[in-house]
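Each chain gets a letter, A, B and C, in the order it is written, and its residues are counted from 1.
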Amino acid sequence: MKFNGRNVFISESAIIGKNVRIGDNSVIYDHVEIGDNTIIANDCVIGEPTNSYYHSKDYVNPKTIIGANSLIRSHNIIYAGSEFGEGFSTGHRVTIRENSKFGKHCRLGTVTDIQGYVTFGDYCWLHSNVHIGQQSKIGNFVFIYPYVVFTNDPHPPSNICTGVTIGDFSQVAVGTVVLPGIEIGKHCLIGAQSLVGIKVEDYQLAVGNPAKVLKDVRELKSRETGKSHYPWPYNFERGMPWENIGFEKWKLENGYEND
Amino acid sequence: MKFNGRNVFISESAIIGKNVRIGDNSVIYDHVEIGDNTIIANDCVIGEPTNSYYHSKDYVNPKTIIGANSLIRSHNIIYAGSEFGEGFSTGHRVTIRENSKFGKHCRLGTVTDIQGYVTFGDYCWLHSNVHIGQQSKIGNFVFIYPYVVFTNDPHPPSNICTGVTIGDFSQVAVGTVVLPGIEIGKHCLIGAQSLVGIKVEDYQLAVGNPAKVLKDVRELKSRETGKSHYPWPYNFERGMPWENIGFEKWKLENGYEND
Amino acid sequence: MKFNGRNVFISESAIIGKNVRIGDNSVIYDHVEIGDNTIIANDCVIGEPTNSYYHSKDYVNPKTIIGANSLIRSHNIIYAGSEFGEGFSTGHRVTIRENSKFGKHCRLGTVTDIQGYVTFGDYCWLHSNVHIGQQSKIGNFVFIYPYVVFTNDPHPPSNICTGVTIGDFSQVAVGTVVLPGIEIGKHCLIGAQSLVGIKVEDYQLAVGNPAKVLKDVRELKSRETGKSHYPWPYNFERGMPWENIGFEKWKLENGYEND
């Protein structure tokens, strides 16, 4: 239904892999490279020119790379100068500014807004309507839930831009704001609707406005099972590389011995 | 201005009622049924195929039903497999996933994001940028204000999905997060920017992060009139079925004797 | 790349200035006036008809004025009956309802939602995903950060609409909700994730849920310099009219002697 070639425009300088489908009304601008088997749904803009395009006659669109086996849902705007590993997946109306770098198998929810100049590792899942400020540095297997905001200006307005840093396997729950320059370790859990203005060490649960560290996440019991749910990789494997293998076995073979 | 038939595509399997207007650049996919006198504005996608469309050759689009006298504003994405009663109305850029069921005369504000597998009664009004997680169950005459989020995963990430339940006539104010599986009764008022992790009984006011029950809503006085504003149906009738009749008379004739 | 004249539709009653560029798939409806050197990017709707268009045969689109040297990024929906001073700039997917009045050099971030019937002075900068309720009155040089919401209904649902008022040079940080009818003075700073239900006098810092006044902003020291960052115009001039002049000199020549 969506792939009829109606109003599709592809720059001559774009490189399109094998078995790529591009939806109606989508535009692929200069110097975009799309890997094999990737789907770009309808009404997308891939390789959106950066701000200087509007002002400079000599503007050259920077390279944009979308990995193989990706699924970009409709109405995405992805700026030129970003790079996405294989298996990248997005909801609708996602906006991603330039100089964003994502590893493999990342997922972004509907209306999520990536401000550019950020790095994400592999298997990061962002839910709907997440806002990631510039200079954020995110590890692998990080989950970020709806309406979370990562900020970067400590004394607004200023010319300082100091992003948030988050370690592997950490979770930031719905509606939370993380203040500029804050460091969150690995295997952390940040509770819903929190305001995080402190450093959070590995394996800590931080909750509240303002957020305080409450306990070690390994002490948290599941209401359903009565057992600890964290570290979550032992209890959740859907879509993860340890699916059907188990985290215990996978971690030893993949350099995560200490997780 | 908006109905020129430019770039409008309608599936041959769609059933379009009498006096329906469809705006420029809108697409109506397979098995969509649109009731009489409904307006679909420009740049809408109605009957968006679900995820399996991208992977299955045998995909058949499930039925989508939009009731009579509805107004879908521009840039909506409504997935196949949902059903909307008559007089349905939306703002711009609304996204509604599959298996969403809305009663009559519901309204959704701009950028609102319905995650699918939800049920709403009649006359529910959601303001801008509301996010409703899967498995939410909402009664009749429920008002939800901007940037409210209903969640469903008690131990993220997990495979448990336990939605929020809300009774008739309740109100959830701006910026509030309701945690997974929480039950809110009827005629409740949840204050702005709250984090609701407790059960809220009928007629209670709950406020804060974390939310606590403060008092019975019937004790709340209006600053303007000095009288109680709640239960609000006695004091607000615009767009409600008791408009020009009064709630007292209407409730007796419509099965709401106890409200 | 974006200005090929593909699917561009411009009403015969629109007045387009010199050197205006209009992107592909954009629509300019009746009685829109666009100043010289302005850029309207792709997929925009300028002069969106108001609600009565759908119901009235005699509908006449009210005038919409977009000042010179503006940059409207892609996928904006700007209703008819609004007015924007020169140098207006927006991110993507901005929605602006009717009867919105903005002064010169205002900027709105991606997905921001202006509900109409609002006034903004000059040099107001709104970041991504800000929601401004009807009847808000904002001064000059006001900065509003992501996911801030200004409300207007004191007893929801009611027919009362009493907006927020904010004085010159004030800042409202990320994720904050300002309650109906609240007055915030000039040179104020409202902290992140706050719920503001009190009047905030000039130069005050208010923080928290619920927000309380903590101190005078002039007592706040920058972590980087050890000196006070506020009043910020003395320490930030990028894009401001005192750039390269200094605020001290500028204020004396422009009627801000007391700031």
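Remarks
The rule is simple: contacts are C-beta pairs under 8 Å (C-beta built on N, C-alpha and C of every residue); 3 or more make two chains touch, one makes a residue touch a chain.
Everything numeric here is computed off the predicted structure, so don't read it as measured data.
Taken together, the touching pairs cover every possible pairing of the chains.
Fitting chain B to chain C on Cα positions gives a rotation angle of 120°, stated in steps of 5. Chain geometry summary: the mean Cα position of chain A and that of chain C are 28 Å apart. Among the residues of chain B, those touching two or more other chains are numbered 7, 25, 43, 75, 93, 111, 129, 147, 175, 193, 209. Across the complex, chain C meets chain B through its residues 7, 9, 11, 25, 27, 29-30, 43, 45, 48-49, 53-54, 61, 75, 77, 93, 95, 111, 113, 115, 129, 131, 147, 149, 151, 154-160, 175, 177, 179, 193, 195, 209. For chain C in complex with chain A, the touching residues are 1-2, 6-7, 24-25, 39, 42-43, 71, 74-75, 91-93, 110-111, 125, 128-129, 143, 145-147, 171, 173-175, 192-193, 208-209, 220, 222-224, 229, 232, 235-236, 238.
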